[in-house]
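Heads up, there are several structures right after this.
Below are two complexes that have chain A in common, paired first with chain B and then with chain C.
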Partner chain A sequence: MAQVKVSDLKKAYGATEVLHNVSLVVEDGQFVALVGPSGCGKSTMLRMIAGLESITGGEIEIGDDVVNDMQPKDRDIAMVFQNYALYPNKTVKNNMAFPLRMNRVPRDQIEKKVAEVAEILGLTEYLGRYPKQLSGGQRQRVAMGRAIVRDPKVFLFDEPLSNLDAKLRVKMRAEIKELHQRLKTTTIFVTHDQVEAMTMADKIVVMRDGNLEQFGDPLELYDSPANKFVASFIGSPAMNFLEGKVEGKKGGLTFVTAAGLTFPVPDKYAAIAGQSVTLGIRPEHIEMEGEGSDGAVPITVSVVEPTGSEAAFVLRSGPDELVAVKRGRSNFAPGSTVWIRPEPDNMHFFGADEQAIVPAA
Partner chain B sequence: MSTLFKNRLINLVWIAVTLAFAAVVFFPYYWMFASALEGSSIYQFPPNLWPAEPNLDSFWTVITGNQVPVWMKNSFFVASTVSLFCAVISINGAYALSRFKTGATRFFTGIILFTQMLPAALIVVPLFVIFQQLGLYDSLTGVSIALTSFILPVSTWLLKGFFDQIPVEIEQQAMIDGCSRLGAFYRVTLPLALPGLVVVIVLGFIAGWDEFFLARTLTASQDNWVLAVGLTSFQGEYTIEWNEMMAAAVIFTMPALFFFMFVQRYLVAGLAAGGVKD
Partner chain C sequence: MKTPAFIKRVEWLPIFLLAPVTLIVIAIIIWPILQALSLSFYNTRILNYNEGRFIGLLNYVVLWQDEYFWNSLKVTAIYGLSTMLLTYGLGLTFAMLLYRPLPARGFLRTIFILPWAIPEVVAVMIFVWMLDPQFGVINHFLMQLGFIDAPIAWLSRSNTAMPALVLVTAWRAFPLAMLILLAGLQTIPKEHYEAAMIDGAGPIARFFHVTLPGLRAVNVILILLLILNSFRAVTMIYAMTRGGPARSTETLSILTYNTAFDYQRIGYAAAQGTVLLFILLVLSIIYFSFALRDRKSS
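The block that comes next holds the complex of A and B.
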């Protein structure tokens, strides 16, 4: 196990820079998820840590060693690729034994270790099979087994669950998390799925266009996003954004959109009175009522999307559109009018630079 | 007409067409074999479809009476060396073209294809002059080198296709698992490209075994002829020893045939794998 320290990491292909001075410390034993949309540089960064991509600038340390010029085989890392990258001409057993053989581990120890890991992952009965004879989930487990068997300093996962179907993905998510709790090996996990990141990671790194947007605990990112991008990326359904202006003064602050949708704003945002801002409110933080009450705003239900345990409502008022989520069952039908009220403590405001506006304490 | 009957009829027609096609393809081989077994009774009209008195005299004469064994040995040398050169060089070349995507490799990939557009006859004269100056004229090594230069572009392109289909992640995984880049290539990538390598080996061997044009131009003494060139010597100024020529031709065909049968399993897998991109 080891700490991974990335300092001012830069990557350029010719004149095109794809990673701009990214710095990050993954503590020993931590599970960190790198998330972001396609092309944000998360996989590139992971591959640089693995040694599969050259480093244009900056430094990567694994444990006490600067590994910039070290071969991947000398970094004592294990990686699981999106397509599993199993050796198709080797059996499950030989796939798992390969890294040990390459590191000249004695034969009896290889047998013991492979059997042990196969037992943990439920692969014992498949040891004699070839990858093509396995299902997607089993292949995924073999890839993980091959990583675990080495007992490396760091695990690197490059979107390992994206090729699985939704049900299996949820199952494997829990298995990987359980495995991490058991092994406590430093893990860096790349995914474009924020739910995966939220549910599995101790810390999340949100990236965009080669920049690190925010690094923190999953709930910290959810509760206090640093900017509009992080706010929109974390959470499902995504946060609602409304453009408008904060009007009035302390004691009677309101947020008004161009179309006239008006919500009361807590006094802690008095400093932005008179400013044009973006209001961010998560769907689960919008209270919905069937009848009007003080501070509630009428709005029309356009679409209802029930999932059983909860329902998402697409609400429209002129050009303004919001999504609200309500737990349990409700009988709001499309076309009907409901009254909504954003929870004051869960309102987020973003300035013209898209950075979050921090309220007064 | 019921559908079942219609399908059977269509199948029968297809079988008949296939058999007719096979007969057209195989008849020259049959005629070659029959003529070789005919012996001296070949000189009669109308010719026999089946030898009147089948015997192996012509084979015996060819094997013992002239230089066929020497030419066969020479052919074998050229075929094996061309096959070996093509395999060794194209493995490395194709890997580089497949894995290192730079402007230079793209340029070379195009250039290699371009060389295929030049017929051998076009460059045989410069080759003749160069080989003479290098002391490679009238040597089997010279023939092998010249022929390799013609086969190598095809084999490199072919093998590049195989390497392209092997996910680069498998190789990178091997590098993480403890191999150097070269180690990952030899331990993981190359075994996966084995069907492609077999195709290249067969291609080189068959091309070397069949070679006539370059061998005829770049060798002079009979001791350095390959079998394909030697076969022409059965055609004299006034007579043609048809039965002996056909016996030599049968002998000429056999090694290539056996080699083909031996590697056929890999070859079919290789050609199929090369043709389908996942």
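The block that comes next holds the complex of A and C.
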């Protein structure tokens, strides 16, 4: 097991730079998710750590070694690919034994190790089968088995769940997390699915256009996004954004949209009075009532999306649109008027540069 | 008059559409084959073509006892296997070289396809000149480099004629093998190589564990195709050696040709041709069964 340290990492294809000075430290035993939309550079970074892409600038350290010029096989890493990359002509057993054979591990040890890992992953009865005779989930497990048998310092996962159906994905998510808790091997996991990142990782790296946008605990990213992009990317349904202005009046601060939707703003934001800002509010942080009360704003329900355990409401007032989520059952019908109030402690403001505005303590 | 019911039931359009092609195939393929088959039961010669006598299976009995026939089978096997191996080897080598990102890769691919694109007879003529004992450039170079003291008559010596023939055949056929293998290489997922690299496999291990297994389906088809081609080869061998010297390059197809047109024994040649046809038929059936299985599994 080992720490992975990435310093000022750069990648360019010709004149096009796709990764700009990214730095981060993955602590020994941590499970870190790299998340971002496609083309953000997350897979490129993973492949650079694996040694499958050359490094244009910066440094990668695994454990105590700078691995920039090391062959993939010498980095003591294992990788699980999106399409599993199992050797089609080899049985499950031989797929799993392959890295050990290549590293000249004695035959009896290979047998023992493969049997052990197959047991952990529930693959014992499939050892004699070929990859094409397995289901997607089983193939995924074989790919993980091939990675585990070597006891590498670091596991690298490149979108390993994208080829599975939704139900299996949830199951494999839990399996991978459990496996990590058991093996405690440093793991870097690339995904474009923020739910995967949130549910599995100890820490999340959000990337966009080759830049690291934020690196932190899942809930830290959720509660205190560093900028509008992270705020919009993390959380489902996504955070609501309203363009408007913070105005200081006698009764306190208010946020007013161009269409006139007005919400009270906590005093700690006094510094931004008079500024044009974007208000961010998560759907579950909007209080909804059937009748008007102090500080609540009337708005029309345009769509109701019940899921059983909760319901999402699309609310409209002129050009302003918000999504609110309520747990349990509510009887707000489309077309009816409700009164809403954002929870003051859970309001986020973003400046013109899209960075989060930190309130006064 | 009333049209009978069964005529109404028949779908006539597909039959009309297929009829011209079917007739052409019958006229230029099926009919000659049947003609040859029937000739093989006659003692027909070119000069008395219409006076051949029916002799039953006598041609086949003679064939069975004909040492030249057995010699031609042996020569065909040697020629077929060695051209196949050399062609495959050259094809795979160049396919792997041209698969890598090289500068001017497209240009190089075009250059390497040229031997296959020029007419067979032209290719043979070029080589016949190059191998010529008096004026040939090959003897010239070998003498300059000190490998030989005197010019060698490559195509007139029984121990060099076959290697020369194999070399020229492989030179002309390898671009096809290269193209097919190049296409095969492109179907191997890049991730398999990457996984193997991470698993600790060096270039040689990657070749044996990823590349060769990945080419398996293509290999079977290609190898059969190359063997089939060597059985069918006439132009090149005829233009270079005519089967000589001393029948050392006389394959079954050349023997058939020589029997028919040099010795003018059409009936006997037809029997030889029928054996050749039978061998090709068996190989073709194997080829198509693999090709179809390949298509099904993909």
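The criterion applied here is as follows: the second predicted complex is superposed on the first by the 358 of 361 C-alpha atoms of A that agree within 3 Å, B and C clash if a C-alpha of one lies under 4 Å from a C-alpha of the other, contacts with A are read in each partner's own complex, and residues count from 1 in each chain.
In this section, a residue touches a chain if its C-beta (ideal position, glycine included) is under 8 Å from a C-beta of that chain, and two chains touch if they have at least 3 such contacts.
Everything quoted here is computed from the prediction, not taken from an experiment.
If you put the two complexes together on chain A, you find that chain B and chain C bump into each other. In the superposition on chain A, contact is made by A:71 with both chain B and chain C.
Once the two complexes are laid over each other on the shared chain, residue contacts for A:26 go to neither chain B nor chain C.
Contact with neither chain B nor chain C is seen for A:347 once the two complexes are overlaid on the shared chain.
By the touch criterion stated above, A:98 is placed in contact with chain B and with chain C alike.
In the superposition on chain A, contact is made by A:88 with both chain B and chain C. By the document's definition of touching, neither partner reaches A:121: not chain B, not chain C. Counting contacts as defined above, chain A residues 50-52, 71-73, 77-79, 81-83, 85, 87-89, 98-99, 102-103, 146 meet chain B in one complex and chain C in the other. Within the complex, the chain B residues that touch chain A are 167, 169-170, 172-180, 183, 188, 191-192.
Remark: chain C residues 189, 191-192, 194-201, 205, 209-210, 213-214, 216 touch chain A in the complex. Listed in rising order, the residues of chain A touching chain C in the complex are 50-52, 71-73, 77-79, 81-83, 85, 87-90, 98-99, 102-103, 146.
The residues of chain A lying in touch with chain B in their complex are 50-52, 71-73, 75, 77-79, 81-83, 85-89, 98-99, 101-103, 146, 150.
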